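Read through the structures below before going on.
Here chain A shows up in two complexes: once beside chain B, once beside chain C.
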Partner chain A sequence: MRTATTAPERVGHAVFVTFVTLAYVFLMAPIVVVVLASLNAGNYLKFPPEGLSLRWYATFFHSAPFLNAMAVSLRVAVIATILSTIIGTLAAVYYTRFTTWGRQTLRMVMIAPMLLPEVLTAIALLLYYYVIGLGTQTLIGLQIGHVLVTMPYVFLNVTANLGNLDPALEEAARSLGASPAAAFSRISLPLMKQGVVNGAMFAFIISFDLFSISLLLKGVDTVTLPIQLFDYLQWNFDPTAAAVSTMSILVTLTVVLLTDRFVGLRTVRF
Partner chain B sequence: MQLRTPMRVRTRIPPRAPIPPVATQSSDTMPPVATQSSAAMQASDTMPPGVATQPTLTRRGLLASSVAAGAIALLSTPHIARAQAKTLIVTCYGGAYEKLFREQLIPTFEKETGATVRLVLGLAKDNIPLLRAAGIDNPPLDVCMTNEVIAEILRTEGYFTALPEDKVTNLKDVAPIARYPGDMAVTGMLQPVGIAYRTDTVSDPVTSWKGLFERPDLKGQIGMYNITNSLGFMFVLMMARIYGGSETAYDAAFKQIQTLKPFSQVDFSGTMEIQLTRGEVDVAPLDFAAVMRLQRQGVPVDAKVPSEGMVAFDQVFNVTKGSKSKDLAFAWVDYFLRPETQQKLVNGFFISPTNLKTVIPPELATSPIMITGDRLQRVVRHDWATANRQRDKIVEQWNRLMT
Partner chain C sequence: MNQAIGRIVLTAPRRRAAGRWRWLLILPALLLVLLFLGVPYLNIVVMSFRTPSTGAPYAPGFTVASYAKALSDPLYLGILWRTLRISVLVTALCLLIAYPVSYHLARTRSRFRGLLFACILSPLLVGVVIRCYGWIILLANNGLVNVTLRQWGLIRRPLPMLNNEFGVTLGLVHIYLPFMILPLLGAIQGINPSLEEAARSLGASRIWVMRHVVWPLSAPGVQSGTVLVFVLSVSSYVTPVVLGGSRVQMMAPIVVQQLDEAFLWPFGTALAIVLAITGGLSVVAWFRITQRLFKGAL
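And then the complex of A and B:
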């Protein structure tokens, strides 16, 4: 950032820094509260905690319902991430490279699940599943819902990334004798990797936290972590809820850190 | 009629292109489908024996029949799987209820019947869209445990069937308040609600609902529920009843409740427990099960049974009309009403069992807030059919007057 020189610029800079700091405090404070509340030694979900203890984490790791829900959430999120990444990426490539007519329509269709209220998508899918006989006995319906809702994030990320790519690079590879597949996999794919990875990461995080879709489309015997947590809070109000939230935050954080460690997240610059 | 809400939604949503490709992708990679074998068995069952060995079989014919078999399998798998495995699907709440069901109730039932019990987890409200989407003839579950406020809506729409007394034999031992006209349902357990108070700050506890409005010393110390909470709704109905109104005449109730303003409102009874624990409120309507749980955690609280009667959270058992495992469903309801099962629920959640033959553990039996036997008759039953039709008006009025 450019250094401020004049007085109004210095004031402006100070206001900007203050505002950004406040925004971060506002965003981070609930997370800090949840993490601290989960370490509460007392019997109730409260802040500040009464002494420190890991007993609620022990409760979580001994709770079959929560562990099952965590496993279901992870599995659904991983499968959703893989499928939406594949479909979203292919759609983005088609959209940026090959569409000649109906471009805007295709784009709208692809991001429609993001624009519609999630609960509407969920109700529509629920009805549709029973009309076609799929029902909600298995996890398939839930899985489709998660793919549908997370795919736009991959599509938009990859589209943005591809927009910055010069098509001449792939054309050059083709003119030098590379097959279409080789040109795509060795030139375009590495260049668009950033968009794909960011999109996949978003897909995972969104799927892991998805509520309305999971609430209505959950299969028999299975329930995802956010739903299990919500149910739990209807009957209990102890710090297990905070411990579960903290575990959930840890999973998300791990995904972000691993992505950054192995792929590197693009730094956002103003 | 029952599809009213979803229909309206469907017309607003444009047809979606992405669905079909996603569907095929997903079913290819989903491991738990596990229906291929039963599907294949079904396909071979429906074909005349020896078809595959007939010399007239052509490659195209084989292809067509295998595609058809696959389609049949895909469309009808859930039922086939259920019928063959003798599976019962019942609803259950998450968390502690799921734990108790899975660890203490289901194993015994499965051993006795040889069936597999599967749970649809979630809140009672979730069952309304699920059953409506599936339709009466093809319910996604066999037994629905839910609050009467919700069960009434679905029963009126025709989703449930009557419980035959010869198959649910424990019905005869159930308290009259838990029975329904034509045995269309049965209340499996109750959580009566009374007036809880902090024993350290309230020396003269309130013993009637009317008393809440006659105690200037407690003003600002009485906790209230938001109208969206079912206890908040029941509270309004109860006050209407006490002050000369009914499910359709509740102005007097609102007038009384307004005299308590300003008060803070909570959405969950869990939040009310916190407020009582912290001493943010001194008196509040709370279910006795929660009071007993708090007492065991060392919180100085107790509760009184209001002289006008109690409201209660109820768990009503309903068997779906289209259930393909009705006998098993009746067996599950009967199992739930069995004194031994009810006792497990008393021990686990301090609920009031509705089977009068349930033996209450001595340490609980002496508690004045363990409501069993004849005292269950002091639980007030609301006319939910009427109340549900007034619900929007009551909610609107509450939001206008109480906030």
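And then the complex of A and C:
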């Protein structure tokens, strides 16, 4: 199979493999280090570590600001997921089934919130809310921002899923006498479940980790977890932040594993 | 048979009636994007031409004074230049690291393939603040790297790796690397391996095959990956603040500062639009360059 290799080529291959390995180490190192620091007994992470401890998790569970931020984040992410899944799925059905003209334009409009820089959208929303008198005292403005930027992920996942569906399946049901509603709910809906759930998963994760929009649109009591962590890190570097980060990673990991368990993960192309 | 035909004829008018309400499906999404993206963006464009005021965020009347200030003040031009410089460097480094990784993952038949793919995707599932914090643990003066190097006696004083351009660049490369790997991976997976094998069997060296077969055919992936990473870097907020501190100022934090802390709405929005237009023009220029670089490949 492999063509004869010369000595310099073998050296080249070794360099290549080493480089790729180091790249993976580079990708994973900061995340692994955060998890290790959260379990480390000492204030600073050292090798060898100073022993295992859950004390930083205890600090987290006694910190009102962090617990409150976790609650706000979960609430915002769940509401954003529900709303953007409904809105994005309906739009995706319309886009794949009924658009005849202006398809490309409609697609661009739908994914624009994902393509535009988040910080610019956050600024635009902040000034807009002041101008229309909505302000940032309530969660509403922040919540709309989260729905806005997560909707494209649902739209893309569901359109990709529906694009692979054979329209003949639904036509067959129709020709056998099913009403359009019945054909859709009995045939297409179960087949598009995977796309919808994967889209919802992305919406949740994006919303849970969203930064700029949460930062600029936060009110006094509506600080999300990434913002609380960011504020904390301005003055403290103790491993409480690591425990908080690990908890946050666990939340997203749970969502990914649940999705994989129930409908299976799909690979999406950007 | 007759019955079936009859049923289709019967349902046809009802189907048309349902068709009239189809647009209701797209309405919520359309309203969301138009009212909370279209109008707000128009609003910041209008705002950037408003007259600045000291007592209120802005005064009545229109002017281009904010743009004049944004484009003439050496302080802001310097920050814009640094932002572009760091973003170009980050994009180049991401391409340099991502290309071998993507090529390896596209061609490997290892049983750990799925695990490797998960390693590339998993950073995307971890918030940016958390990933920056990971770099703080590693790079701080009493961080893992400095302490370990001191223990080994390699250095006496800690190497400064935070609150400078090194830290910001490293952090940005780490955070945007998956956005370079994914398009490259897609492009390289689309190249038929038999093309490479053919060239190799005709006596071409590995380097020659990479340069003249794989690289030109991966052009679309290179193009979209570089554009994605550049745009994300230019508008990055968290990494410069967390890893650069007050010493490495970049555009997005400055814009937020002008609006959220100083309440200079016309100037802040003008600065944001200058950044957006500079970024956009850079992307257009890059498209031109890549078109020439890859000649017929794109």
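In this section, the second predicted complex is superposed on the first by the 233 of 270 C-alpha atoms of A that agree within 3 Å, B and C clash if a C-alpha of one lies under 4 Å from a C-alpha of the other, contacts with A are read in each partner's own complex, and residues count from 1 in each chain.
Here, a contact is a pair of C-beta atoms (placed from the backbone, for glycine too) under 8 Å apart; a residue touches a chain by one contact, two chains touch by 3 or more.
Every value quoted in this text rests on a predicted model; they were computed, and no experiment measured them.
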Handout entry: chain B versus chain C as contact partner of A:Phe16, first or second or both or neither
Key = second
Practice task
Have a look at where A:Tyr24 lands relative to chain B and chain C in the superposition and call it first, second, both or neither.
Solution key: second
Exercise for the section: Would you sort A:Ser179 into first (chain B), second (chain C), both or neither based on which partner it touches? Expected result: second
Exercise for the section: Mind working out whether A:Lys218 is in touch with chain B, chain C, both or neither, as first, second, both or neither? Expected result: first
Problem - Partner chain in contact with A:Ile144 - chain B first, chain C second, else both or neither - result: both
Practice task
Figure out whether A:Ala77 sits in contact with chain B (first) or chain C (second), or with both, or with neither.
Solution key: neither
Practice task
Tell me which partner A:Val158 touches in the superposition: chain B (first), chain C (second), both or neither.
Solution key: neither
Exercise for the section: Using the touch definition from the top, say if A:Ile87 reaches chain B (first), chain C (second), both or neither. Expected result: both
Practice task
Scan A:Pro65 for contacts with chain B and chain C and give back first, second, both or neither.
Solution key: first
Problem - Contact breadth on chain A, by residue count: chain C or chain B - result: C
Exercise for the section: Please identify the positions on chain A that touch both chain B and chain C, taking each partner from its own complex. Expected result: 44-46, 86-87, 109-110, 112-113, 116, 120-121, 123-124, 126-128, 130, 144, 147-148, 151, 215-216, 230, 233, 237
Fill in the blank from the handout: Within their complex, chain A touches chain B through residues 43-46, 63-65, 69, 79, 82-83, 86-87, 109-110, 112-113, 116, 120-121, 123-124, 126-130, 132-140, 143-144, 147-148, 151, 215-216, 218, 220-223, 227-228, 230-237
Problem - chain A-touching residues of chain B, taken from the complex the two chains share - result: 5-6, 9-10, 12-14, 16-19, 21-23, 25-27, 29-30, 32-33, 74-76, 78, 81, 89, 93-99, 102-103, 118-123, 126, 129-130, 133-135, 138, 140-141, 268, 270-271, 273-274, 277-278, 297
Practice task
Under the touch definition given earlier, write down the residues of chain A that touch chain C in their complex.
Solution key: 3, 9, 12-13, 16-17, 19-20, 23-24, 26-31, 33-34, 37, 44-47, 86-88, 90-91, 93-95, 98, 106, 109-110, 112-113, 116-121, 123-128, 130-131, 144-145, 147-148, 151, 155, 175, 177, 179-180, 205, 208-209, 211-212, 215-216, 226, 229-230, 233, 237, 241-242, 245, 248-249, 252-253, 256, 269-270
Handout entry: In the complex with chain A, residue positions of chain C that touch it
Key = 4, 7-8, 11, 15, 18-19, 22-23, 25-26, 28-30, 32-33, 36-37, 39-41, 43-44, 47, 57, 97-98, 100-101, 104, 116, 119-120, 122-123, 125-138, 140, 142-144, 147-148, 174, 177-179, 182-183, 186, 200-201, 205-207, 224, 228, 231-232, 234-238, 241-242, 252, 255-256, 259-260, 265, 268-269, 272, 276
